[in-house]
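Shared chain: chain A. Partners: chain B in the first complex, chain C in the second.
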Partner chain A sequence: MKQLFSVSIALLVSLTFLVLLLFFMGEDLNALSEALQHTFLNRFGLGYTLFYTTPLIFTGLSVALCFHAGLFNIGAEGQLLWGAIAIVAFSRYFPNLPPWSAIPLSFVVAALAGSLWGFLPGYFKAKRGTHEVITTILLNFIALSCVNYLILYPFKNPESQSAETSVLPAGYQLQTLWFPTTPVNVSLIIAIAVAIAVYVLLFRTSFGFELRTMGQSPRAAVFSGVLLSQRTLAVFMISGALAGLVATNDILGNEHKLIEGFSPGYGFTGIAVALLARNHPIGIIFSSFLFGSLQNFSRELEFFSQNISKEVSLILQAILIILVSTRDFWQRRRLK
Partner chain B sequence: MPKLSWFLYFLALFLNQSVFPQTRQPLKIGLVLDRGGKDDKSFNASAFTGATRAKNELNIHLKVLECSSDSAFVPTIRTFAQHGYDLIIGIGFVQKSAIEAVAKQFPRISFLLIDAPSSLPNVRSVIFQEHEGSYLVGTIAALSSKTKTVGFIGGMDIPLIRRFELGYRTGATAISTQVKTFTHYVGASSEAWRDPSRAKELAMLQFSKGVDVVFCAAGSSCLGVFDAAEEKKKYAIGVDSNQNWVKPGTILTSMVKGVDQAVYESISLKLNGLFSGGTVHMGLKENAISFSIDENNRKILTPEIERQALKIREQILSGTLIVPDFYNLHKSTSTSK
Partner chain C sequence: MNTSPLIEFKSISKRFGSLHANEQVSFAIHQHSIHGVIGENGAGKSTIMKILYGLLKPDSGEVLLHGHSICFRNPHEAITKGIGMVHQHFMLVPSLTVWENVILGLEPNRFQIDRNGILEKLTSLQKIYGFSLELTARIEDLSIGEQQQVEILKLLYREANILILDEPTAVLTPQEVTLLFEKLKTLKEQGKTIIVITHKLKEILNYTNTVTVMRGGKVITTQETAGLSEGLLSQLIMGRERSPLPKRKGFSEDSQPVLQLNNLSSSSQSSKPLKNLNLSLYPGQILGIAGIEGQGQQELVEIICQAKPFTGSAFLFGIPLNSSSAYSKRQSGFSLIPPDRQKEGLVLNFSSADNFVLGHQREKRFESRGFLRESKVLSFAQTLMNRFDVRPAEPSLPVKALSGGNQQKLLIARETSSKVNFLLACHPTRGVDIGSIEFIHSHFLKLAEGDASILLVSSDLDELLTITDSIAVLREGMIVFESPTSQISVKELGLWMTGAKT
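This part shows the complex of A and B:
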């Protein structure tokens, strides 16, 4: 309850800020209401908002799971790239699979690829004690270069001048759900299901209990018999798998091909998403929706206003995060 | 009584339609720029100039949107379509698949696509004869070079830019077989359009090998090449827009590509109901490809060289000189793009 309260205060403050900004830029305030309507109330807008929500659920979960175990996964961006290229590679080698096997297998392949890339920082952390923030950040660059190489050379679409792969075979193309002309697809439902699964894993299993103990006090975890290195490895692999699934939404559901730079930083926004939801898997669904709508809203606002650019959404995101993360600060002061 | 109200209703309708004709809604034009944005001083800036000119001179409503990533093209174009825009303009070959995807869903809306062919009936695509202009600046480069060594720096290594390169090198070596050319590409990915520091290093490398005129076709990466040329007191040749003003005294000339002209023309065609799909080629003949001369480069581009370049331009126009076209040499990779 308290959480909802602080988030709504944060939302109100950022909305007020936006109104002030529009006012001082000499914009018509109708632009704001139009943009809000086109983000939530019309089918096209809501469709895109939901479409942008899906990848953030996956990366948010990926980051949050690590947070619970006291680890930082800044590498979701790299993991999701491997998930994406894995789907492309898989579809190359099995082009004729029918949808009922191609789609589920693509999900598995994407998750596997992500988890393999998550294995690396997990391994370095568990066996060598390398700090995972360093390794995950650096592995992002390696993943980006490798995946770009694969897009530009082995999997390049020879008929296009753009940096993109060929279009996936028909069996791999997800159809849109509920919202025609928008790319919302079944991965949204899977993302929500996965969020619930992560909730169960964290709060209803002994494995989850161990993770949380490890996050709150590694020493206590060691004394109660948790094998830290093994758990670290497992957490990173699961987190990687979650991030790897991002690709299903964009590749199977939308573009049906992998375009260089398809992710506008989902992995990094995922950190903000997890932060806003205080790492609660169910909360992440809602905070993803919030960030997804911000992404869509910024485009609509740019469309309806005269001089407002997309960067406004970044400012709003920053304000939201600052307000929500300083909540502790306010509360502590109240306690004194 | 109801009869009377019906009568009044129809009377009102009639009056509304005929006696007080509605002022025609201005044509709604949506312009989608690629990641360079309208301040790239080059390709997108040219499109923006053309659209702004149309806005000032014709009765249109113009909205310009920039895309921050390649995956933003489809939703942006679709936003325009959803709001009933009459003509949507996509700048750059990267938008081809996005434009085509939306054009199929909205067959009654017109689209303009720059730099890539399309066979959809509601898409007009404009291809520029870049090789002709590149040939001209190639001759200018070779004539201006004291070391008889000229360089080319391309952005992303794709057939479109190879077309510039081939024209340029052919033009330079046509002046004298002694002329040496160096070619470098900034990269193979789309980052190559936005990497001025790497482009600068490549320019420095070419200068160290004796190059003293370099032609750059690399989007905003070119700004790095201009920096290098200014530092080393060499010449650079700009691209797409007239870039002479960016560094007066350093930029020998610019190979101007009339994206502004194509945009303006399509808007006015649409306004007059003459818009049609199909692929249009624009080159020297349409004056859509040229090299720029203004007060910024008047001092460095000698009248003698200008006269020679104009003479070659005449030869290309009359057909006595045929510039090799990379697209024709490598049909398989480029025609179906």
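This part shows the complex of A and C:
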């Protein structure tokens, strides 16, 4: 409840900022209302907003799960890239699968690929104590280079001028859900289901109990007989799998191919998403929706305005995060 | 006492929510005396002192100083009126020297410090009050006892006439305790008034002139210490008589030892490595490890818990220490009360119920198919909280809401509720009031009666002498002395601990 309140305040502040920005840049304020309508109020707009929500749920969960165990996963970006390329590779080897097996198997393959990339920082942390922030950041660069190579050479679409793979076979193409002409697809439902599953895992199982103990007090975990190295490995692999699933939304559901640079930094926005939701899996669904709307909204704003670019969403995100994460600070001042 | 009192509390009441921390508290403290305030955890001792020191505001009632009503808004005002407090946790900067710490916050001039003037003043203060601190030594190089003297010197430099000491002996060795109270006596003779908050009976009886006993937020009595006996005092504090500890039946060295360490040494980097430790612990035996803090106790505990590598051989339950996992050892009856209950034994942000299953989360009674059985956990926690009198007995409340003593009881309840064959207990009664200490000790004796072995790491000599069968003294990573408890005295033990005897 408190969190909801502080988020609303933060939203209000960032909206005020936006109005001022538009005003001083001599924009027509109608652009704002047009953009808002095309984000929430019509089918087309809402569809795109939901489409942008899906990947953030996955990366938000990936970051949050690690965080509960006291670990920082900055590597969701690299993990999701491997998930994407794995789907492409899989579809090339099994081009003739019917949708009922191609789609579920693609989800599995994407998750596996992400989890393998999550295994590495987990292993370094567990066996050598290498700090996971360093390894995950560095592994992002490695993943980016490798995946770009795969897109540009082995899997390149020979008929295309741009850096992208060939179009996926028909069995791998997801249909749109509920919102015609928009790319919303079944990944959204899976994402919400996964969020609930992560909630159950964290707060209802003994495994989740051990993870949270690790996060709260690693020494208490050791003394109570939890094997930290095993759990670290496991949690990184699950986090990697969650991030790997991001690719299903865009590759299976929208583009039907992998374009170089398809992720606008979902893995990093996931950190903000998790922060806003205070790492609560269910809260992440909502904070993802918020960030998804921001992304869609700024795209629309760019379209309806003269001089505003869609990067304004980054400014709004930043304001939100600063306000929400300094909540304690404001409250303490009020107490004094 | 015919003079008018220096400090007088008049019907002070203070509530925190529904809790009456102080209820109609009235007592007086006279000049040039050592006044003890004693009571169990949560009796309201600290609250009343915090009110005097300006850290808390009373809901009603007033405090008189020299007959005038006072109400400090903060400790700074209290200090200007000559009232100073030494907290349980020292407020010193380790990397600064003694004299720098003393003047911290009082720097006379923004750009210039009159070093020689300060040193001169401090030297004369030391002479008057019988201190002998090296003024240019760094705090981090001083012993705990010396650090405490720096805290007192700080107050003297600020010309405090009334010194409040909150649990000053909790961290000291027996020798240091004697030294501290000798210093306090000198201070008293030089005209200072000293208030000591404690829950140790002996300190009250041996060193104070007057004592105020508190229980449940109320003052039970304020009287001269001279007429009091240990039994009477403990009865006043607890509101009942002390129950005698159960008799020990002894143990036999014929059976296979539960824990056996041969030539155990640390093999990892450590500030206090263990050197060639030999120990055997038999079924039903309580073996005490005595020693000043930081002589390798932590290292020993971590090695037994498999958190650190070692050389030499170590057997627990007859099998090599490293041949089974920590978890399976717990299953075969290894229980642990770690040295730092808040960081190692409990998870403060978790509920009491969750803390009760910590370490047992994979057992059938709490888990089915990977899921925790919440109702089982809750009812288990409720039962144990009632049995061990952990208050408030509300399993869903986070553990950080419990007082230190209750946290310790929760920990002990958890670690001794299932079958115990070997209990490694570190400072089990630290910061715990006498009622609970008695409970914990008799519980340990009962466990030993059931043939459990207990390795008791403690720096509290009374504790060691009361319940152990034998005592080994650890100093600088070595066992320097070992003897049956019945053949050893406090004095001798103290000498071995400090290294005066080798």
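The definition used in the following text is that the second predicted complex is superposed on the first by the 331 of 336 C-alpha atoms of A that agree within 3 Å, B and C clash if a C-alpha of one lies under 4 Å from a C-alpha of the other, contacts with A are read in each partner's own complex, and residues count from 1 in each chain.
Throughout what follows, a contact is a pair of C-beta atoms (placed from the backbone, for glycine too) under 8 Å apart; a residue touches a chain by one contact, two chains touch by 3 or more.
These numbers were taken from a predicted model, which means no experiment stands behind them.
Enquirer: In the superposed arrangement, which partner chain does A:D250 touch: chain B (first), chain C (second), both, or neither?
Expert: first
Enquirer: Who does A:G225 touch here: chain B (first), chain C (second), both, or neither?
Expert: Second partner only.
Enquirer: In the superposed arrangement, which partner chain does A:T213 touch: chain B (first), chain C (second), both, or neither?
Expert: The answer is second: A:T213 touches chain C but not chain B.
Enquirer: Going by the contact rule set out at the top, does A:Q161 touch chain B (first), chain C (second), both, or neither?
Expert: Only chain B; A:Q161 stays clear of chain C.
Enquirer: Which chain, chain B or chain C, is in touch with more residues of chain A?
Expert: B
Enquirer: Return first, second, both or neither, reflecting whether A:T16 touches chain B, chain C, both chains, or no partner chain.
Expert: Touch partners of A:T16: none, neither chain B nor chain C.
Enquirer: Which holds for A:T205: it touches chain B only (first), chain C only (second), both, or neither?
Expert: Second partner only.
Enquirer: Just checking: does A:E260 make contact with chain B only, chain C only, both, or neither of them? Give me first, second, both or neither.
Expert: first
Enquirer: Per the contact definition, I'd like the list of chain A residues that touch chain C in the complex.
Expert: So the residues of chain A in touch with chain C come to 204-207, 209-210, 212-213, 216-217, 219-220, 222-227.
Enquirer: What does chain A use to touch chain B in their complex?
Expert: Touch list, chain A to chain B: 44, 48, 148, 151-152, 158-164, 181, 250, 254-255, 259-264, 296, 299-300, 302-303, 309-310.
Enquirer: Please name which positions on chain C make contact with chain A in the complex.
Expert: Counting only chain C, the residues touching chain A are 305, 307, 325-327, 329-330, 336, 338, 340, 343-350, 354, 357-359, 361-362, 366-367, 370-372, 374.
Enquirer: Quick check on the complex: what are the chain B residues that touch chain A?
Expert: 63, 65-66, 68-72, 74-76, 78-79, 82-83, 93-94, 96-97, 105, 116, 156, 158-160, 188-190, 333-334, 336-337
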